[in-house]
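Quick notes on the structure that follows.
We call the chains A, B, C, D and E, going by the order they appear; numbering starts again at 1 in every chain.
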Amino acid sequence: MKFSYYPGCTLKNKAKDLDRYARACAAALGIELIEPDDWQCCGGVYPLGKDEIAPKLAAVRVLADAAEQGNQLVTVCSACHHVLKRVNDDMKNDADTRERANRYMDLQRPYTGQTGVLHLLEVLRDRVGFDTLKEKVVNPLTGKKIGAYYGCLLLRPGDVMTLDDPENPRVMEDLIRALGAEPVVYPYRNECCGGYVSLGDKELTGRMCDRILESAVGFGAQMLLTACPLCMYNLRAHSDLPVYYFTELLAEALGVKEAAQ
Amino acid sequence: MQKIGVFVCHCGTNIAATVDVLRVVEAAAKEPGVVHAQDYPYMCSEAGQALIASAIRDKGLTGIVVCSCSPRMHEATFRKCAERAGLNPYMVEIANIREHCSWIHKDMEEATQKAIILARAAIAKVHLNTPLAAGHSQVTKRALVIGGGIAGIQTALDIAEAGYPVDIVEKNPSIGGRMAQLDKTFPTLDCSACILTPKMVEAAAHPNIRIFTYSEVERVTGFVGDFTVDIRKHARSVDMDKCTGCGLCQEKCPSRKTPDEFNRALGTRSAIYTPFAQAIPNVPVIDREHCIKFKTGKCGLCQTVCAAGAIDYTQSDEIVSEKYGAIVVATGFDTIKLDRFGEYAYDQSKDVITSLELERIMNAAGPTGGHLERLSDGRMPREMVFIQCVGSRCSDGRGKSYCSKICCMYTAKHAMLIRDKYPDVNVTVFYIDVRTPGKNFDEFYRRAVEQYGVNYIKGQVGKVAPLPDGRLRVSGSDLIDGKAVEITADMVVLATAIEPDPSARRLASMLTASIDTNDFLTEAHPKLRPVESPTAGVYLSGVSQGPKDIPETVSQAGACAAKVIGLLAKDRLTTNPCTAHSDQLLCNGCSACANVCPYGAISYEQREVNDHGVRGERRIAVVNNALCQGCGACTVTCPSGAMDLQGFSNRQLIAEVDAICR
Amino acid sequence: MQELIERAKALLADGTVSRVLGWRATDTPFGPEPAFFESGEELNEFVYNCFCGANLSKYLIESSALEGKTLAFLKPCDTYSFNQLCKEHRIDRGKTYIIGVGCKGKITVERLHELGIKGILDVEDAGDTLTVKTLYGEKSCPYSDAMLERCHACKGKEHRVADEVIGESADTTDTDRFAKVTELEQMTSKERYAFFQAELSKCIRCNACRNVCPVCNCRKCVFDGNAFDSVQKANATEFEEKMFHIIRAFHVAGRCTDCGECSRVCPQGIPLHLLNRKLIKDMDAFYGEYQAGEDTSTVSPLTAYTEHDIEPEAGKGGNE
Amino acid sequence: MSELTERIMEISGADPRKCMKCGKCTAACPVAGEMDIKPHQFASCLAKGQSDLLLSSNTLHKCLSCFACVERCPRDVRPGRLIDAVRQCVVRARGQAFLTPEEIPELLDDELPQQLLVSAFRRYRR
Amino acid sequence: MSIDDRDFRPVIAAFCCNWCSYAGADLAGSSRMKYPAEVKIIRVPCSCRVNPMFILRTFEKGADGVILCGCHPGDCHYSTGNYYTRRRMASLISLMEFVGLERGRVRVEWVSAAEGAKFAETMNEFVEHIRALGKNTRLEDLRCKN
């Protein structure tokens, strides 16, 4: 299995763990992740305006590069994944965006959304398979009760992200189960943590995180799992519960955590 | 050369407002063969028809063109008019200058030009029309009703009462349908079973009615007046003649864990079962998928306990083939699946239920014995929330774009009944609009608010979140206050959208009856022919045609029966003379046409043919006019052009093409 | 060849067949023509050589109406047409006796001309090479260079039907039969238009293609009658030719065995088979591979369907 | 329709006239309580052509673009897109920024991920 | 550019099956939906009645676009007619493109009796497309011009 791999800016910095463990796990699972030579930041948020082309170009560049390599593109950061998948959807289905972006980019070959964009969770579920993954676990996380926190960007809008049921997802729960731990399902796992609002209004994000944490703890979670550095930041700021990147626990279960550090 | 009359209708201002009718008359008059052209405000009126008739007689017209509304509307009217005036009805052509012209264009010049072209095309066609004689076919005086719910039962009873034999085919082990699952009915709060079961009994006892339960329609062939239907009677594994309905087998059956469909899977049933106590027929069936005897070969307890010796494990499906003159579709509805509405937590909490499930909970024969309780822990709820329009009026692809029509009323009913029986329970209804058109309907809803104190909040719910203590946090909006609200509830009831029963789609294909984008069967005309399908001989009863409540279903069932009786009362029907025929001089006998004929109407004969003096034996295609329905598939498959279709001949269609492109 | 004649004579003599359908020599050594032989004597004019490309199947339609059986010599590819005509009830299998003849590909003198060989007097088949006697002396060329277009896309050495087989056959496929079609598809629409306009405007409406085509066997062609108001007219415009050829291609679609006779006989050298091959290529791609005449029972893709066929959308005929 | 309304519809690609006024967007919004003009009122104002009312709403900066309203809207109105389009109109017209670069350093802390800054910049100014 | 080109009003024939598409066109009309007057409808009992010869004839006589509408596959009034149409037309459209007709001059669309809006939308789109393609010079029979 070979993929183009887009780490994104945060993973080169504050979220080094998310990246480091992802790479280690991929290697352990026989997945080759190829980082393009020169990528730029995806922009962090998907530009909602139909007429905003320039902010989408960084994403298009990465997508087109993967297409040139003939690879599908894997990300682990929820935000990058969101941006790349949605921009790709525009390139595939929105003629105006496609035309204008191609005009700006001046690529060798026009890019029309042919690259498949996958979150590492999708790779684990659909390509590796949780049953296979389970067999590769050397340190099962037995006895741990873990709540998956999806947040908003990973799942919505469901028709474009197509990662899972946007209202009642299960991919992370299945992952937790494959790692030998017990998933805790709680209803606020797909509600927003407050995102970038925490820059200006920590009180508001506090209230939002409290509701999420209250729900998770109430249903018995001992720790939380996330795929998003921003969720991680917000949740950690308001919680006593340990919060991990899913790649970290995956690395632990696969027995490659030490080596990655 | 034909002598053609052209009649241009104003249709009041419907046509005349955008089409300069006089210019159409003028232009038509100049066409070759046109000897008469005139306009009239309402050509379909008696006076208009009289004009046509007198022109036919006075000028000896051999063909007429009426420029008016769609032929689907008045072709038959004008054909009859021509016939009365002594002209062959198939010498009439319609130029559709209303639906296809005046109503879609704004510019008078443009619309007038187009109307002239459409008139020319019709004139060009009628030049090539030939008088056709309709044949006749027999009517089998028996009707088939597919679906044994209230719609099907009522239709069957009305037809049977008029003296015609009727068969009901029901896929479940008992007739009764959805209505049998309901507890009370709005707006008078009658007990549903109390008013339904007498009708079920009446149908079962009626000498003109045969009931095939646990049966499905497998194949339909034929046409109006002469359908042949294969009905698959699933193996019941119980001899209907011997069974006394004592119920001992069900009591003793050791396999008891099958979800009970009748109770919406809220409870379980035995593998040998009747769906409910008043089932008709009161003969159980063995669900072979769950029966231990069928799964492992061991058990046979039911056979042991059956004193009547009615249990028969060797029964197999039986196909009954029967002829019918008319077919009624009354396949009803189901609630939609809620797997795309995760925000309401239906799959995440046992205490989020659908309204149909609440009906079973409220019903004395239901899984809780009629006691209102939470399915998670059996506790009585204190705080109940009803959510309206779950999947209805939903155009984002997750649900149904239509209004399910019955939810506002049954929710008011539920709220009222709960407040009446359990005054301590708070009831809140989140609604977008409360829709209560119907006799005594709005009064009923107002009673729920004014007399029973049900709390109606205008606004939709965004999320139902199960809480660790087992309660449910309902986040909604209150649009009157312009704010978001939260209610912590013990139970949430979803007014789930209804959709046509999934069997409707397959059935519609078999019947070649059309269905709309939501799988509801299409009526022949939305206003004027609401109980007939566009396919002759197929009629629509109940929710299979569109959402409706019980009073409306019963009325429609009666209307449907009247139409069926009208058909069965005829001794013979005129057949469509627009059938295919093969030119024996051109036919190669290659069999291509027979390959594509959906009716098996084409056969081959060795025939001696005199081809311009040369005699020889040839293999020739022969069309059976009684079977041919006139689709024309054969005409295009035929490489030599030997096969042609009367009324839509190659030359007629080419004449139209030429006129349009002229 | 002698073996064929002897066998034919024997079958005539013992009454198994009443006549023989084969090829007869004409005044040019390069153009044997189809002929019926009714006696052993007539059979002395029978020839079978590398120029016997003509497909005899179609003549069996007319002989099916006659008394007695007809013996026909069919090359492997001819048997496809034969089967197709049996399927269409145009030939009565019971009134035929088929001898499959060996074939290693047929040649045409036009190809030799194209190779620059002029003043041809005689051609001698020397296995893999051809020895050509010309006014300017003896020349030679590889056999396959002179082969008919269709032989480069040979359907195989098996006879799909035969009462007996005499002689060895070879599969002479050495090209992709859809190569030219694919090449045209790659062109722009405008280029294709120019190509077909140039080719089809050469048509002189001689009807040779129609007359030779085994499945163009209607008792009366739609272009000869007025059922469609399409009476045969002198070719006034190239469009009419195009229409004639498009309709002809469509009428034989699903029935055409790709025998290539249309192009072989066209006096103007129009590659008419390209239209048929495009239809065959499409049908293969859309509905799975189908070879007309492979048997006598499979129905043509155009008189069959599945519930999930591809939609008739633009963009399948070639580049824009 | 005012030019502004037209522009908002063009930028958002969403059609407020599809709204049936059910309020599910507001019900689904995790920060509806903070907003002076609720998501459903956004759609309603736009449909009525009162788009100028929206330009000064705090909703423009409260909306998290979490797409809960977009996901759950039964009519495909996509209120989140409408709000973002209004915000776009504001920043494009005046170059107005919710936060200025000078204000930002004091809001930072060591743990803050880049993603937050990038997103906040994208959202709060152009 | 000639004067004709600037004011190009294409000639468009729409073959509609009686049971679905013709009724769909009726519904478009009774719902007062708008589509260009260039579209002229020819009623046929079933889409399978439309002979490729009719379509070629239409072009020969100067049409710029031909659209064939029938019931959705599976919903044919005659059960199977449109299945054959689907196959025939797939081959015909491809062949027409192959000989150099511009893409999209011949089109097939399934429109049910309930899809008035789709009918109008389809016609608007089709006319737009044909206008963009311009006059059908490639297949028009020049003799038909007066």
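Keep this in mind: contacts are C-beta pairs under 8 Å (C-beta built on N, C-alpha and C of every residue); 3 or more make two chains touch, one makes a residue touch a chain.
Keep in mind it's a predicted model, so treat the numbers as computed, not measured.
J.: Going by the touch criterion stated earlier, list every chain that contacts chain B and also contacts chain E.
T.: Both chain B and chain E are touched by C, going by the contact rule given at the top.
J.: By the contact definition above, name the pair with the higher C-beta contact count: B-D or C-E.
T.: C-E
J.: What's the chain with its C-alpha centre farthest out from chain D?
T.: Checked the centroid distances; the maximum from chain D is C.
J.: Which chain's centre, taken as the mean of its Cα atoms, is farthest from the centre of chain E?
T.: Ranked by distance of C-alpha centres from chain E, the top chain is A.
J.: For chain B versus chain C, what separation do you get between their C-alpha means, in angstrom?
T.: Here the centre of chain C sits 53 Å away from the centre of chain B.
J.: With centres defined as the mean C-alpha position, give me the chain D-chain E separation in Å.
T.: That pair's centroid distance is 44 Å.
J.: Taking each chain's centre as its mean C-alpha position, how far apart are chain C and chain D in Å?
T.: 71
J.: With centres defined as the mean C-alpha position, give me the chain A-chain B separation in Å.
T.: 47
J.: Specify, in ascending order, the residues of chain D that touch 2 or more different other chains.
T.: 68
J.: Which positions in chain B touch two or more other chains at once?
T.: Those would be 343, 397, 463, 596, 637, 650, 654.
J.: What are the residue numbers in chain A that touch two or more other chains?
T.: If we look for residues of chain A contacting two or more partner chains, we find 166-167, 191.
J.: If we use the touch criterion from the header, which chain pairs count as touching?
T.: A-B, A-D, B-C, B-D, B-E, C-E
J.: Chain C touches which residues of chain B in the complex?
T.: Counting only chain B, the residues touching chain C are 583, 585-592, 595-596, 604, 611, 616-617, 619, 637, 639-641, 644, 650-651, 654-655.
J.: In the complex, go through chain C and note every residue touching chain B.
T.: Against chain B, chain C makes touches at 65, 88-90, 217-222, 225-229, 251-252, 255, 299-300, 302-304.
J.: Write out the stretch or stretches of chain D touching chain B in their complex.
T.: 18, 20-29, 32-33, 38, 40-41, 68, 72-76
J.: Touching chain A in the complex: which residues of chain D?
T.: Interface residues on chain D, with respect to chain A: 10-13, 30-31, 34, 62, 64-68, 70-71, 80-81, 84-85, 88, 98-99, 104, 107, 111-120, 122-123.
J.: Give the list of chain B residues in touch with chain A in this complex.
T.: Going by the criterion above, the answer is residues 339-343, 345, 347-348, 397, 463-469.
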